[in-house]
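Presented sequentially are two complexes of chain A, the first with chain B as partner and the second with chain C.
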Partner chain A sequence: MAQPLVKKDDDRDDEADYSPFLGIEKGAVLQEARVFNDPQLDPRRCSQVITKLLYLLNQGETFTKVEATEVFFAVTKLFQSKDIGLRRMVYVMIKELSPSADEVIIVTSSLMKDMTSKTDMYRANAIRVLCRITDGTLLTQIERYLKQAIVDKNPVVASAALVSGIHLLQTNPEIVKRWSNEVQEAVQSRAALVQFHALALLHQIRQNDRLAVNKLVSSLTKGSVRSPLAQCLLIRYTSQVIRESANIQAGDRPFYDFLEGCLRHKAEMVIFEAARAITELNGVTSRELTPAITVLQLFLSSSKPVLRFAAVRTLNKVAMTHPMAVTNCNIDMESLISDQNRSIATLAITTLLKTGNESSVDRLMKQITNFMSDIADEFKIVVVEAIRSLCLKFPLKHKSLMNFLSNILREEGGFEYKKAIVDSIVILIRDIPEAKETGLLHLCEFIEDCEFTYLSTQILHFLGIEGPKTSDPNKYIRYIYNRVHLENATVRAAAVSTLAKFGAMVDTLKPRIFVLLRRCLFDNDDEVRDRATLYLNTLGGDGTVVQTSDDVKEFLFGSLDIPLVNLENSLKNYEPSEESFDINSVPREVKAQPLAEKKAPGKKPTGLGAPPAGPPSTVDAYEKLLSSIPEFANFGKLFKSSAPAELTEAETEYAVNVVKHIFDGHVVFQYNCTNTIPEQLLENVTVIVDASEAEEFAEVASKPLRSLPYDSPGQTFVAFEKPEGIPAVGKFSNMLRFIVKEVDPSTGEAEDDGVEDEYQLEELEVVAADYMLKVGVSNFRNAWESMGADCERVDEYGLGPRESLAEAVNAVIDLLGMQPCEGTEVVPNNSRSHTCLLSGVYIGNIKVLVRLQFGLDGPKDVAMKLAVRSEDEAVSDAIHEIVASG
Partner chain B sequence: MILAVLFANSEGNILVERFNGVPAEERLHWRSFLVKLGAENLKGVKNEELLVASHKSVYIVYTVLGDVSVYVVGKDEYDELALAEVIFVITSAVKDVCGKLPTERLFLDKYGRICLTLDEIIWTGYLESTDKDRIRRLVRLKPPTEF
Partner chain C sequence: MSMDLDDCLALPGFFSVNGSKSTEDCNDVNEDSCPCIKNILLLDSEGNRVAVKYYSDEWPTNSAKEAFEKALFSKTQKTNARTEAEIAMFENHIIVYKFVQDLHFFVTGAEGENELILVIVLQGFFDAVGLLLRGNVDKKEALENLDLILLCLDEIVDGGVILETDANAIAGKVASHSVDAAAPLSEQTISQALATAREHLARSLLK
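Let's look at the complex of A and B:
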């Protein structure tokens, strides 16, 4: 096996095959470099020493600053030698050493001399070195020479200047942009490489000017570009132009003919680039796609592995959006499964899995089985994921696909690979009811010999949920109980919980489960014993076999729909007292919204000292803050705090944003104010709220802010009463009122007298989404089924013309303010229908689940079916009302 | 950009490694990754037969040349086909310098010239020269013949 990190010379003892660098050591080579200082230079010896230095550098060796400086100064002496070979080495060495700015000056004059030399090759190399080590000031001095070099008739000099330009554009764009005319001229060069480099540089110079790029592409696609490399660049720039041209109707796509023409180019590189560009066109039609697929198909049987790889990689991508277009290539791709290059084989298999039809599944699986044993884990994971998708596509084939997964589960493999297989089996069990029992048994067999604690516990947890619902739960008990004997404490504890779940759910098993749980009371691990004791006591393990009540089930196995971070914080804040800890007091908001920081840029800190910490930003902190204000203390438990919404434009004198705090019968607006004028102090700051467009709200309290100095945020509050438990909505207009006092900037002291002033703020709205908490569920399907259809309300809505399906989905999510589940908020490109799953808790702590099915009705019109399940039918109706009125 | 060019001997020891735009802390990872890739796949591969792999948006083309293995890594415009062009230039230029397929000893004997050759082919991540005759002349500071 290779030992990559050992230097080449350390392990050689073959006398006949001595390495010239045997025993090389940095210190010794640095000593040798002193020959550079000899008055009589020996070019051969010097070249040898430079080679040794390069060898060290090329092996990843580094020089300290002192060492590098010393070598650099010594190397500069070598400019005295006229030996051509040595000069070439010196150029490389200086580039490798990358001297610092203060050292560069030593070689600048020598390099400038070479740059204006009559010897072309000195010029080319000096340009490359200078551009590598130069800074902006030096660059202006040599700019004139560089511009000349770009149009030099020697292509090496021109290329050196152009490639230098590409690098310099990163550091000194304004200088390089001045070379446009010369670069433009170089694009027309007869030398292929000069054309390639010039085109790359010209595009980089103009990349932000869409019109200029368009013009460049238009002119070059008409003319002839000599270099295939340049032609490839041109194709890329052309696709960029096509991408950016808006609203192209199929059929009159600009430049398509050029791309299609490139499919007949003599260079394979160009053909491929054009084919790939066509496959990546937005909204590509089958007619446009066909010629590209045909050349890619030819490449599949090329003798060159790189071409095969490129072709299958591109087809793999096409298969995601246009599987039917790729099916013609299936036979060619099947032969690639045995390709010696495993990357090609893996891509071929995953493409086939995407494009194959139901009848070819069995044949494909047979081929893959042989292939799996000799590929690395990362390839295997790709294959497993592709098989999972295939199985979801063809549920009838679950038997053979599940068998395949269970077979590979038994073979050797690392954690990530095994996890991918287990995840796949779990997903198939969830989505294909017929696959459940066999899938569970496969998982049971796996945990009999599973070396990964994480996977064992996950599977045991899953068995606890699904096992009791099967026709014969009895058969899983043996596998679970074996874990109590054979595994480590973590797995044993998980097994105890799973056993208890079976006991709670299946009454007939209960007595036997109790016997097993009692045995666990003697386990040597605390957690295992504690769990067994808890389950026996709560499930009635005292000998009476009774049906377990729903409350107990909920207590033991109900999902904890409270974020653990919030629970942890609440527990930390809880002070032991007579009153026991109430889990309902834990906030359920998923995460706190950070307050938008708003400070005038460029403002220097004043003499006010360190700015105080900003207003509290977490739900927990909001709760503390509000309960500390006597006026709001009797409002009860805080249901939700919104994200701050800005009520002023950016960069205004006073920056104000508002946070809406929702209580059962009240709403509190917290106005976070910042004074951005150093010469002013604001006092007695209040917000005058006009609630005439919010009929159900009545103002009950207002808490002014006594003083608002410069750049030191403060808060003022206004509270409203509203009908209890009702999700009242309304619009509020706001006016900031305060007394303004002049401040002397030199002393920081405010004048005694102030003037009353007002400042108009934007309106704010209380909307239906304010009464909804974003609370996710881990498994929507389970949650949906366990909620039941009793309070289900289903209706259909036309959403009218929309920009895209994704836009419609996001609008509805925002309207409802619920948490999207299982990544369903993401709408794949080009899809014409989409299902989105949402979950939340409505005011009054009512759990709500929503299933949204969107479909495109006509070209732009979006239709939506909304199914709501909740614990209260009034809430289900309320959700429909929100959508109907939104 | 061409992110890396790496030469290793048959035992996987590094002979030349040149990185462009790869942070120092990631180089060790790349080095081990490439050598492992070669150890797993290059056995029995014919000289100059290209192998290819991709990892996210980075492409790797590698091959065997006599006793040494060569790897080039690229991204963006340097995809697998462009890298195939790069590695072809590198292998033909190295063969040209060595006069035949290099043994490890021969490669090390010609080390200085090979460094110069690589310097002509790739310049901080960009392909600069593609013709081996021209490269041979440039290394000796002679102008190209076509000029």
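Let's look at the complex of A and C:
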């Protein structure tokens, strides 16, 4: 690798002396800027001062408001000079200063004069400057000139107006949209860049009109586009049209011929754009792919790094979905492993890993081993991830791949890289049973010499779960106990926990584990000693070797199904008192918005009214609010509160939304009402609920709102009784009833007499999802397996034609109201099938896990297989019922 | 139901820890949009600014910009980008770059951008600077003609939209720097006259 040709040190000192900006200082330059006010302007000098000012700005110097204003006013004086060079610098300077609205007025007339000048350069630049600094009001004044400029004979002027149009469309769309005739004319321009800018603007004007975009693409693809950049745009718009055109059977895809034709364009950027567009077509067939792959393959052996990079990056993406289509390029790819540009080499390697077959794995691994030593960590991580998926694809090859991973684990590397390797080994151990024992030993060896506390504790934890289940748990004890001797307190504590897990699971090891744990009682760290004491007691370490009870196992191995944030908050709020901390009082709901202030309830009014710290969360607030109403006080613990649902259209006289509060045997509707009429005061506001379509519900209480003045929201409640623990559903129609009193707007006083009135609200529904809490699990597979198949219910459903797989997945998630796990709610593009994992807690505190498998059946029909596991078969059936009726 | 759902069970990624979050998520850039340049940088051989222009607000403060430049510089400085433009992925951007003497030219675009479009912008900038500095492309010359460099940047990209990529056209627009013909010659000072002469020369060289 060649070093840049830098000059020698002494040379560079000289050079620094020559810098025209050496020792430049803001104050002095601002002084110098006074020459702008001279009656006899010296354009050369002024240009130099502007250059200095721009240099300062470019170096990150900032001007205060006063300084900027002063400079701006001084610069406006320079419009008197006729020097073109100076004028150019003035334009740039004004753009950099981005003057405020009242300052803009000062230069408007000068710029408008330039906009109509005979000099093309003035016109082009004045348009760009004016459009950059102007606001909407001025725009209508200059609109006429801009429309002319778009069709100006001079391409620079036309481009300036079109590009300004692209920017202005963001702020003043209604004005720019009026120019479409002129823009359309400019699309036909003979000047390449004018065509490009016009096409970009025209598309942006019409982008929400599918038919218009379609027409635009149809006419232009017949061939009148000269500029390569415009051709690239056209390819993008064409792919958009293809994507949006409904339900075309493969084979007669519209515009495919156009894309394929672009592969023979003379400009490389167009060829590449077209090839990439083809590879990204939804459900692309291998016949459609072939010509694109062929041109990309040619790029692979180009002398230009950028071309090689672009091609290999695209092929890498294709390899994820169509590995077979890329295998033809494998020879070219292999030669790229030694590419000077390491990004290209890494992409080539990972592509090969995706396309390789079982027999080529060993050869590839040999090449990669040499390669790994000379790339940066960030690339190594990519390679490690590719190797992990390769291993999952060819489990038989786990030996050589695991060996490779353990070798690189021993080499130098940063935290992220090591973590990627450890994660990969852990995943392989989980998924490939034969790899378990060797993998665990590799990890054991790694922690012998691991500088990262985080990784050591993670591995120790993992060892505690997997180690006792192996054929010879004995051999791990030494590695673990060594940590107790040699590590920092955090790792020692983790090692103690791991030892305890071995003790709990393997009875033969128990006596020896107790000896080791007792030694830990003398550790100099509190946490380590505490853990050792705790485990000795729970495991019965007082000498008698007993069968470990289920409770202890649950304690040691059970997963914590409470979000840690919630637990942390509850513990912070807990005050030492007679009542011990109750973990069941910690809310289990995963908060939808992580940014929202999280405060757990869980604090029973035991103390002497300790003031709540910070704003309470909605759940907390609801619980407080409801328990303060005597009628609802005996309903028990609030299970769930829904998000508010609007019962009125926006901007009506009265705005009402409803929150559904679910209790075990009751449902409370909280109507949040706002009166938007200043001349009215509402009194005695109630909601009359008709529950005739909700048979299982019976109204038990209602709490009217005494008075509802203008613009200050109030609540009224209606409570229903329902069968206990049963997820009853139903429809409710609502009528707002109240007494209206006229208010004198001048005095704000209400009249004494009111009129009774009613206002129809929309219906509301209690649905099955209202009985489901979103509660995540940390490791779905473990949770799934430990739940067991006793209460499993599996069935298949046809969901009919759907917009997309992702849409179907989201619809089912919403229907069930459960928490997606492990990011499975995201459906990769172009996939024909998807698996989604959900977890939740059903009313009655029943844990529910759901595995959804979606598949595309034909072009749009979605089929789904639903597997439910829960602690209660009735609940499993209930989930199926939700889906069957939803 | 013609599809065998049990096939789905055999699909990879079912239980993998982060299986479905593949690297395919490059769609965060609107792929239908006009190509967008995020910044153009001209740094010296120590990573210091000669001239930079940012068109994206992803780097809101000067320190964010400087941090980006430093990191980019240290990542690329050892590469050989003297004969052909080079390319790198960096912090979810695509960056194309080229070096000459003690000057480092960079153009940054979005992750999903067509690399070859970025490279014609880079080449346009690079060649235009070469023309304007009459082949003496180094830091000293660039700083002495910083006005030309700044105008050059101004002519290549406007608010992220590519304005012109042809080096001759860019340099031509920048170098049309002469005093308006309408101004009588007598009003010019000697230095102005010299400057005019120089620019006439530059223009004739460019033609």
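We take it that the second predicted complex is superposed on the first by the 556 of 886 C-alpha atoms of A that agree within 3 Å, B and C clash if a C-alpha of one lies under 4 Å from a C-alpha of the other, contacts with A are read in each partner's own complex, and residues count from 1 in each chain.
By definition in this document, a contact is a pair of C-beta atoms (placed from the backbone, for glycine too) under 8 Å apart; a residue touches a chain by one contact, two chains touch by 3 or more.
Nothing here was measured: the structure is a model prediction, and the numbers come from that model.
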| item | value |
| --- | --- |
| First (chain B), second (chain C), both or neither touched by A:G823 | second |
| Chain B versus chain C as contact partner of A:S360, first or second or both or neither | neither |
| Chain B versus chain C as contact partner of A:Q715, first or second or both or neither | neither |
| Chain B versus chain C as contact partner of A:D42, first or second or both or neither | second |
| Chain B versus chain C, judged by how many residues of chain A each one touches | C |
| Partner chain(s) touched by A:N154 [first = chain B, second = chain C, both, neither] | first |
| Touched partner set for A:N330, first chain B, second chain C, both or neither | neither |
| First (chain B), second (chain C), both or neither touched by A:P20 | both |
| Shared contact residues on chain A - chain B and chain C | 1-7, 18-21, 47-48, 50-51, 54-55, 58-60, 84-85, 88-89, 91-92, 95, 119, 121, 128, 132, 156, 159-160, 163, 166-167, 193, 197, 200, 229, 232-233, 236, 268-269, 272-273, 304-307, 309-310, 313, 340-341, 343 |
| Residues of chain A touching chain C in the complex | 1-7, 15, 18-21, 42-44, 47-48, 50-51, 54-55, 58-60, 62, 82-85, 88-89, 91-92, 95, 119, 121, 128, 132, 156, 159-160, 163-164, 166-167, 193, 196-197, 200, 203-204, 207, 229, 232-233, 236-237, 239-240, 268-269, 272-273, 276, 280, 303-307, 309-310, 313, 317, 320, 340-341, 343, 389, 392-393, 423, 427, 430-431, 780-781, 796, 798, 822-824, 826-829, 833-835, 853-858, 863, 865 |
| Residues of chain B touching chain A in the complex | 8-9, 11-18, 27-28, 31-32, 35-36, 38-41, 45, 49-54, 61, 77, 79-85, 104-105, 108-109, 111-112, 115-116, 119, 123-124, 126-130, 134, 138-144, 146-147 |
| Residues of chain A touching chain B in the complex | 1-8, 11, 17-21, 47-48, 50-51, 54-55, 58-60, 84-85, 87-89, 91-92, 95, 119-122, 124-125, 128, 132, 153-156, 159-160, 163, 166-167, 191, 193, 197, 200, 229, 232-233, 236, 268-269, 272-273, 304-307, 309-310, 313, 340-344, 376 |
| Complex interface listing, chain C residues touching chain A | 1-3, 5, 7-9, 11-24, 27, 31-35, 45, 49, 51-52, 62, 65-66, 77-80, 82, 84-89, 96, 99, 101-102, 114-120, 139-140, 143-144, 146-147, 150-151, 154, 158-159, 161-165, 173-174, 176-180, 182-183, 189, 191-192, 195, 199 |
